[in-house]
Amino acid sequence: MAFDFSVPERVAEWRTRIAAFVAETVIPLEQRAFADGVDGELRDELQEAARAAGVWAPQAGAALGGGGFRFDEVAILLEEAGTSLLGPLALNCAAPDEGNMHLLDVVATGDQRSKYLEPLVAGAIRSCFAMTEPPPGAGSDPSALRTVATRTSGGWLINGEKHLITGAAGAAFVIAMVRDADTGSASMLLVDGDNPGMRVGDHARTLDSTMIGGHRQVVFEDAFVPDDAVLGEPGEGFRYAQVRLAPARLTHCMRWLGAARRAHEIALERAVGREVFGGRLADQGMAQAMIADNEIDLAAARALLWQTCWQVAEGGRGTEESSRAKVFISEATSRIVDRAVQLAGGLGTSDDLVIGRIYAEIRAFRIYDGASEVHRMSIAKRASRRTATRLGRS
Amino acid sequence: MAFDFSVPERVAEWRTRIAAFVAETVIPLEQRAFADGVDGELRDELQEAARAAGVWAPQAGAALGGGGFRFDEVAILLEEAGTSLLGPLALNCAAPDEGNMHLLDVVATGDQRSKYLEPLVAGAIRSCFAMTEPPPGAGSDPSALRTVATRTSGGWLINGEKHLITGAAGAAFVIAMVRDADTGSASMLLVDGDNPGMRVGDHARTLDSTMIGGHRQVVFEDAFVPDDAVLGEPGEGFRYAQVRLAPARLTHCMRWLGAARRAHEIALERAVGREVFGGRLADQGMAQAMIADNEIDLAAARALLWQTCWQVAEGGRGTEESSRAKVFISEATSRIVDRAVQLAGGLGTSDDLVIGRIYAEIRAFRIYDGASEVHRMSIAKRASRRTATRLGRS
Amino acid sequence: MAFDFSVPERVAEWRTRIAAFVAETVIPLEQRAFADGVDGELRDELQEAARAAGVWAPQAGAALGGGGFRFDEVAILLEEAGTSLLGPLALNCAAPDEGNMHLLDVVATGDQRSKYLEPLVAGAIRSCFAMTEPPPGAGSDPSALRTVATRTSGGWLINGEKHLITGAAGAAFVIAMVRDADTGSASMLLVDGDNPGMRVGDHARTLDSTMIGGHRQVVFEDAFVPDDAVLGEPGEGFRYAQVRLAPARLTHCMRWLGAARRAHEIALERAVGREVFGGRLADQGMAQAMIADNEIDLAAARALLWQTCWQVAEGGRGTEESSRAKVFISEATSRIVDRAVQLAGGLGTSDDLVIGRIYAEIRAFRIYDGASEVHRMSIAKRASRRTATRLGRS
Amino acid sequence: MAFDFSVPERVAEWRTRIAAFVAETVIPLEQRAFADGVDGELRDELQEAARAAGVWAPQAGAALGGGGFRFDEVAILLEEAGTSLLGPLALNCAAPDEGNMHLLDVVATGDQRSKYLEPLVAGAIRSCFAMTEPPPGAGSDPSALRTVATRTSGGWLINGEKHLITGAAGAAFVIAMVRDADTGSASMLLVDGDNPGMRVGDHARTLDSTMIGGHRQVVFEDAFVPDDAVLGEPGEGFRYAQVRLAPARLTHCMRWLGAARRAHEIALERAVGREVFGGRLADQGMAQAMIADNEIDLAAARALLWQTCWQVAEGGRGTEESSRAKVFISEATSRIVDRAVQLAGGLGTSDDLVIGRIYAEIRAFRIYDGASEVHRMSIAKRASRRTATRLGRS
């Protein structure tokens, strides 16, 4: 046998359970979230139900209380969770906490595990990841990092400004990417949410509205953190960013694939139930084209995602593969949701049909975790380098 | 000389004046509108300023107090007004009032002109146009019209439900498309906003948020209107819909072309001011591709729009031409705004940079006034008919 | 483990061997084929070399002298063969013979196996598959089949016209799809190439030029075939067409994926070696976008192909899955080759650089074996049927 | 009145005459040209007929024997000529002669006019324009020019290599772009076709096959030309290239717009006459989408072309405008022809239906006269410069 694409029994069981949980428990709460936003109360309600349903944190290690699945299995389960915009939050596999759990699991010291990782996996606290800075700081180009940490007695003083930090309001701790004022090397520092030198600013009024804690400015003004606030080892910031990067990209792909599938399914339900021009909308040729293109994009996105996640599960770094997958899947899911809006017609732009909300929420996915253009540049450079090497021109 | 694309002096003057007005007066009010919505107070403030600035209602006849421009000249001026999402409201050339002014100007009786048209052009009142119904009623396929008017003593009783009626809340009158219960023919009825048989429901939580009066359900339950509430002549509903249709589509194109240009300009300003990967963002090849594609789409959209408006100005019905223009321009402006978001990066999805707001507002333009698919069907049918006729196969 | 995408050792060995064979033996013969066409002599030369290189017919059963690989393994090997337009012919895995081998292997009687299948796999003869008819016959819609077989003493008389029959000139036998004049059911008949009632007409001057035997008209005028010329069982024509269909589509995908990869690689070699505007072409942003999009499309196409072939290898019919894969891969490979032309510039349109030839050859792939539109219709119908069933509306 | 898009009577008359001439005289000769190529004999036959039909050289000045039309009027007439791939050759408005006529008309000295321009307009001779060089010479980046002219007694010695020179075989003279070996400035030299130091090489086997004289290598080895072989003034090469550039791009757009329209019309004729799945092909939704998209692209391309040509006719240089038009129209016509192939199905890829031939011929149009990417770069730079200037950042 060359390949194996079969879904193991335990994965299939969880998938079924997640699907039922989303349908019965999460979806009924969506309109409330769309109208009023997502707050701690709604989060608690969702997470309690998820625990009770036996679908908690599929991506986290079993020892930590998670599902303990391989990364390629996680692809199946997080797609299912993603069929509601609230599903990942309910299952505690939403960004940015999910990526932070992974990072901490790989690099945190023993004390950091018990103080930060364990309660995070348990859903007792939330966190955020503070890398992006307003221009001319670190954005598409992380090397432009300007937030600095200056050595002081017993610790560091952080100064600088981050923006668009997802989940910042209400986070129990912040993983802050900083540059050592002396050496210029980058480190990650764990900053508690109540640090008096840290200020969380306003939510940017962005297109999306269902991310708890918003996308916010975070300002450090002589924020003191002790020596043991260095995540893992000092000077390893960029390497750790890589540790978090590829998996975090791919879990985004998983969740958004689920959301796109949901939008498609809603539109399809409308199309089979609606009469226009003397026939079913679903039987009009141009509607068929949109339906088929969605089915095709879903299939291609899933196949590429599974293959990429298998590579990561097998121990690959997946940098290049995840770049390719991220560009393809972020653009394919955008196309799918756009077609779903169009197929659903006027109400397709509304929260009522959910599709309109997904349309607004998904837009930024082509930008964050590496804009499509940045990934394309990186993919092209690697391909060119391989070719030049082969030709002896490197 | 074959063609003439030069801009007459009076048009150029108005364009300059509108540009200054938008820059100095309208744009400073945008963030308030984005944060708090658009209400009557803001509308009054904007319209008073527009009158004072000498840019009032360029599309309306001079005798009515408007600019008195030809339709191809209007194309230039409404593009300029559209550079702010609030510009058309300020200049009283926004949908749906602007389309209603045109319709009333062509078909209203003398009394209807003084009661409805004159105060509408003057900005004293607002209106709405109630055609679209929830499935299985009139949507993409207007012939599915289900709202009925039943003859009664001295007038009509209207029953039925409309939805997604833009501007319904606060409208002084509604132009309601109805089917005669006896004859089956369609008429337009003028229903005053305080008609006790008419109920304006909730705003659908759609992607856009700057249309005053929202997009609402309108329910008629034995709503009585007198005989003279028939707009123009009875039984002419579908013909009048055509009168309103092509020009209303084209004024949408004008305004959205302005909005798309604005999004492009904002993104371009960011791109020339931002450093990434050791150079200006505007000099990165993939950014250049987005910039150039926007410039190209703007130029093509404008050229097609001008030609189509010239045909209408010359007395053509422009049904087919405006279908082509509507599909092309609604899709081109969508592409432009999407690229602007991408070029601007994370903040491109926010109200702050305005682009994010335009992205959300413009989505429905590919759906209303004829979804792209409906126009394509119609365009193809006409082309096939011509070909079949030429081949003697009709 | 959820999935397994690893390449078995024996497959990897064959792939390496095929790659070397294509590079050393096939590619050096390409320009001769482009200039003079592909004739029997060139075919013999290529096939003899392939046998000697130990890369013969990877897709055929081991008992028949082929490689004996699973269908998902074949995907890897036929992609490699496809990197030259002559590779599949050399390895005896080219259309239409390869599809005919599969069909015969599944449905032929014992005598038919020895008379037709064995020499076909051995490369001793060529064949063709005569299904498509000029309008208004069987084309996109196979049910419009008009070629008829009329019962006569000891056999059948065939009458009708086929067109665009690939490989017809020089084929030792034709598998002809016919309709029973009496029952209306469809059968496949094996017609020897020297049948006096069969005439092979001119090659249509199509864009491609490397298919041996061309794309030709085949006319049957009272062509007599004996009773045992019925392939398998009579009346099973449409079912047998399905047997051939999905695998044949997928082997096209495999081969064209190889061709597209080749075009990309040639363009990339140019791009890393060429200076423009003071830098390497491969480092220009818009060139990087084309390079990256090719890398992404190749990866997505391959992932979808492998998954689909695995489903077929596991015994699935793969009708819907292969439709999705065919649309995606035919369009993705078209995009890839188009970008390769663009990246290579003026010479990209020439036979010299090979890319121009691939561009011309690949165009029809979006049409044959089901045009994209026909597959989309079929995919949409299945998706709508599933949804309607789920909703209890079927 | 703002604009005028009406077609003057004399233009309409010529258009009608050209349409009739193409239909009655040119199209009947197409299959011969596709099968056997285009030679001098066919050219003479076509041009004699065109003169007799009163449709000679619409773009050339009346004093020279041409139609004497404005450039925006020419847009209408060359589109019509372009509806056959042989039309422009017949009317003596084909590339590269047409562009050379324009260039000579603007910059040639009196003697050069009588020796080169007059017989060229008369159709007595052909010419070519030798700018492009193989890498690393002048290609996308003209400044990389490597062919040199060295001062010698009474003239110049040219050395260097050009490639892909359209029409080179059989040209009576070559306009060669060269660099002055001493000063480094560029000049254009008129080299007679029988110059013993010039060698015309093989035709590159490119996708197209209807350009008389092919696309060839031209090698200069100490080719001597006298002092008066300098076209216009020495050192003005790049400026003269600009003189030729924008108009030559636009006449390409005109002709290809005609070819694309022709492909669309042929496909449409098939679609209205063909039954599939129980209905007319032209009535299938996905076919309607392709038909409508072609109609829309044709309309948008034409509108943009006319506006751009008007700007040039009014005396504008049109550098940026023609870049935008060239990108849009070369890509729009490519899309149109691709859809026509798809709509026509299998035979759509053949010379028989003409569409297949147009598909092959049009591919290079996105590359020559400035590849889309080079134009996009240039358009973006200009847009960015304007924006930076406005912001005071230049």
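Chains here go by letter, A, B, C and D, matching the order in which they are written, and residues are numbered from 1 within each.
FYI, contacts are C-beta pairs under 8 Å (C-beta built on N, C-alpha and C of every residue); 3 or more make two chains touch, one makes a residue touch a chain.
Molecules present, by chain and UniProt name: A, B, C, D = Alkylation response protein AidB-like acyl-CoA dehydrogenase.
Since the model is a prediction, treat every value here as computed from it, not as a measurement.
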Inset, instruction - Could you tell me which chain lies farthest from chain C when each chain's centre is the average position of its Cα atoms? - result: B
Inset, instruction - Between A-D and C-D, name the chain pair that shares the greater number of C-beta pairs in contact. - result: C-D
Inset, instruction - Provide the C-alpha centroid distance between chain C and chain D, rounded to the nearest whole angstrom. - result: 37
Inset, instruction - Would you kindly tell me how far, in whole Å, the mean C-alpha position of chain C lies from that of chain A? - result: 40
Legend entry - Whole-Å gap between the CA centroids of chain A and chain D: 51
Inset, instruction - Among the residues of chain C, pick out those that touch two or more other chains and give their numbers. - result: 273, 284-289, 373, 376-377
Inset, instruction - Spell out the part of chain C that touches chain A in their complex, as residue ranges. - result: 1-8, 11, 70, 72-73, 75-76, 265, 268-269, 271-273, 280, 282-283, 285, 287-289, 291-293, 295-296, 299-301, 303-304, 306-307, 310-311, 313, 321, 324-325, 327-328, 373, 375-377, 379-381, 383-384, 387-388, 391, 393
Inset, instruction - Give every residue of chain C touching chain B within the complex, in rising order. - result: 284-289
Inset, instruction - Under the touch definition given earlier, write down the residues of chain B that touch chain A in their complex. - result: 34-35, 132, 135-136, 139-141, 144, 163-164, 204-208, 215, 273-277, 284, 286-287, 341-342, 345-352, 356, 359-360, 363-364, 366-368, 371-373, 376-377
